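A single structure is presented below for examination.
By letter and in written order, the chains are A, B, C, D, E, F, G, H, I, J, K and L; residue numbering begins at 1 in each of them.
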Amino acid sequence: MAGTYKITELVGTSPVSFAEAVKAGIAEASKTVRHMDWFEVVSESGRIKDGKVEEFQVRLKIGFKIER
Amino acid sequence: MAGTYKITELVGTSPVSFAEAVKAGIAEASKTVRHMDWFEVVSESGRIKDGKVEEFQVRLKIGFKIER
Amino acid sequence: MAGTYKITELVGTSPVSFAEAVKAGIAEASKTVRHMDWFEVVSESGRIKDGKVEEFQVRLKIGFKIER
Amino acid sequence: MAGTYKITELVGTSPVSFAEAVKAGIAEASKTVRHMDWFEVVSESGRIKDGKVEEFQVRLKIGFKIER
Amino acid sequence: MAGTYKITELVGTSPVSFAEAVKAGIAEASKTVRHMDWFEVVSESGRIKDGKVEEFQVRLKIGFKIER
Amino acid sequence: MAGTYKITELVGTSPVSFAEAVKAGIAEASKTVRHMDWFEVVSESGRIKDGKVEEFQVRLKIGFKIER
Amino acid sequence: MAGTYKITELVGTSPVSFAEAVKAGIAEASKTVRHMDWFEVVSESGRIKDGKVEEFQVRLKIGFKIER
Amino acid sequence: MAGTYKITELVGTSPVSFAEAVKAGIAEASKTVRHMDWFEVVSESGRIKDGKVEEFQVRLKIGFKIER
Amino acid sequence: MAGTYKITELVGTSPVSFAEAVKAGIAEASKTVRHMDWFEVVSESGRIKDGKVEEFQVRLKIGFKIER
Amino acid sequence: MAGTYKITELVGTSPVSFAEAVKAGIAEASKTVRHMDWFEVVSESGRIKDGKVEEFQVRLKIGFKIER
Amino acid sequence: MAGTYKITELVGTSPVSFAEAVKAGIAEASKTVRHMDWFEVVSESGRIKDGKVEEFQVRLKIGFKIER
Amino acid sequence: MAGTYKITELVGTSPVSFAEAVKAGIAEASKTVRHMDWFEVVSESGRIKDGKVEEFQVRLKIGFKIER
């Protein structure tokens, strides 16, 4: 990969699925972080309401290159 | 969150996907547990038959408020 | 389960979802491994390109019976 | 210890401290569980509001003897 | 496996061996839990008295099908 | 929880107790981070001097909502 | 130990005990792997039938020297 | 830190709190160990009697400089 | 348990079984350590020779009371 | 250590060795972060090309004092 | 990365350093495995003789593309 | 390996490299411990000063035979 990479950690959420929660988190991160290269799922969880899944949550670590 | 919460652990299964396995496990739990608040994915696994995924399994911890 | 089982570890990938990455890895494994019985998800990760998920990756352990 | 012990998992909460959260959880459990013998701290966390700790949370495993 | 499974955690004990501690725990559980399907060893420990093992302890997770 | 949350990691310290170390870390963080929502204790440690605890240290992960 | 060693992972089973499950797994492996040097227990589990242990399972990593 | 440090592991106990258990363990250790430099909390647990916490236990690793 | 406990770590070995390896390690420790109270299994492993288990190894942590 | 410390996570790389990868990552971080105090190795990995190590990668957590 | 990757686990050794042990393991693996892409360090250990390091050992996981 | 082995834990340090930190720790241990047989790296860390690595630290577990 060459160079130095920084890791940032965040939680993406979605009412639909874990996959959508991942995408939502990365879409949000892309507004301020450039050169994102990879992500790792740290954990998956969710909110339950009235006996049904209300929200999917995915904790992510995202690696991006430090550009200079 | 205030109050005391109990954690129960179960495995939901589905022939379709991990997401459906989560929903199936929570739907089953909702028949006997009230006030479920959140879930955490402990692990994901599955059965293979004839070289294809036959069943998705998700191990969950579910937190629910102790009501009195 | 009776008998002896071997565990093999691999990474399946897909541009679509984690579920598809699982299926792709198992389909590939089925070309050389017979009698696959179960899989376990070791970790989930992915590639990001231009601020979007380009590839989903799932690391799997697959158990199969040693036949004699 | 002799005999068989069951482990139950819960989250105690307190606005004051982790110690009080432990005590609150055990006090709540003592309403329905008899013969509690020991506890283990699984994790500690909390809620923040307006930049201050609003609630301390302690996840506990509690061991109690199965009486017959 | 199909269906939903619940996981219960307990500690079996025996003056003889870890194997007997496993059996003792499961025998005790079988008095109240039906349809037990599998167990996993979480940890092994024991009591020492006068420089000798006095008791073997095995912490188990037991999976059983929720029947309806 | 809805939306995207960022996780930041820090170490709070106090000569008095772990609880005060948590509060000190969050108070410091609150000077630059808004909308902090929860914290998790990662580890606890401390400095010893002349056979006495000189400083309590708590490593924390803090979650806060990304506001836009 | 000098040289390069390969690690293989398998699950041995036995109706009798964990010890026998270890031996069964290694005996099976010895049919195809030469120069096995050591093993490590990864996890222990088992099948329950009619409230009794039906099968002991031991997951092993086995190290063997690559001979040339 | 320069030099070589040894790590010793112990369990401190207190009827009052985890903090007091830490101090009790370090005070005890200070009777035989010199140059203690830092401690790390390995785990926290306790005894329950009649539905109340009877004893707080903290498992510690303590680092001290080897002096020559 | 009251008082302070020290933890020592060792590996017991036996040509016969894990249980015997535990006993051998504790018997050896009892020659120099008094007031041993409990043990925990850290890991299990072994040596293989000519395709057979030559030696069982159990890594233990042993807790004993500091007497004064 | 007194005060509050922030932890940042990054990956340093080098074609030469893990040690050089550590130094490269810290040198890069020093361009924007002041008062760095310590680092911890989270994991080590690398790229292979044509059967040879092409790049050493070290994942680091770096602690630095929040200055005000 | 696209496609399916297999993970193999081995231990490289060297009398000189961990870095050389990594290289030795990968060089050995390259004799039979093609298309190796990355490695991860699982653990580092070594042999001591007469109070000096006699051998460095590095346990590696190596990922390589399944070619068809 | 036959016999009983004790495990001791220490931190070696060096201004030069992790390898030298390992050697320094073992050299120091060899002054009081005889029959050291193997070591395992528990963790690696270091001190940073003025944006540069000032000290490499390696936490080790060392196994040695109990001689009688």
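Just so it is clear, a contact is a pair of C-beta atoms (placed from the backbone, for glycine too) under 8 Å apart; a residue touches a chain by one contact, two chains touch by 3 or more.
On a predicted model such as this, the values are computed, not experimentally measured, just so you know.
In terms of the stated touch criterion, the partners common to chain B and chain I are E, listed by label. Listed here as common contacts of chain A and chain H: F. Legend: contact pairs of K-L compared by residue number with H-L, A-C or A-J; the interface matching in over half of them is A-C.
Centre-to-centre, using mean CA coordinates, chain E is 22 Å away from chain G.
Centre-to-centre separation of chain A and chain L, using mean CA positions: 38 Å. For chain E, residues touching at least two other chains, in rising order: 9, 18, 29, 47. Remark: the chains found to touch one another pair up as A-B, A-C, A-F, A-J, B-C, B-D, B-E, C-G, C-K, D-E, D-F, D-H, E-G, E-I, F-H, F-J, G-I, G-K, H-I, H-L, I-L, J-K, J-L, K-L. By the touch rule above, chain A contacts chain F in their complex via residues 8-13, 24-25, 28-29, 31, 47, 55, 57, 59. Only residues 18-19, 22-23, 26-27, 29-30, 36-41, 62 of chain C touch chain B when the two sit together in their complex. For chain C in complex with chain A, the residues that touch the partner chain are 17-18, 43-48, 51-53, 56.
By the touch criterion given at the top, residues 1-9, 61, 63, 66, 68 of chain J touch chain F in their complex.
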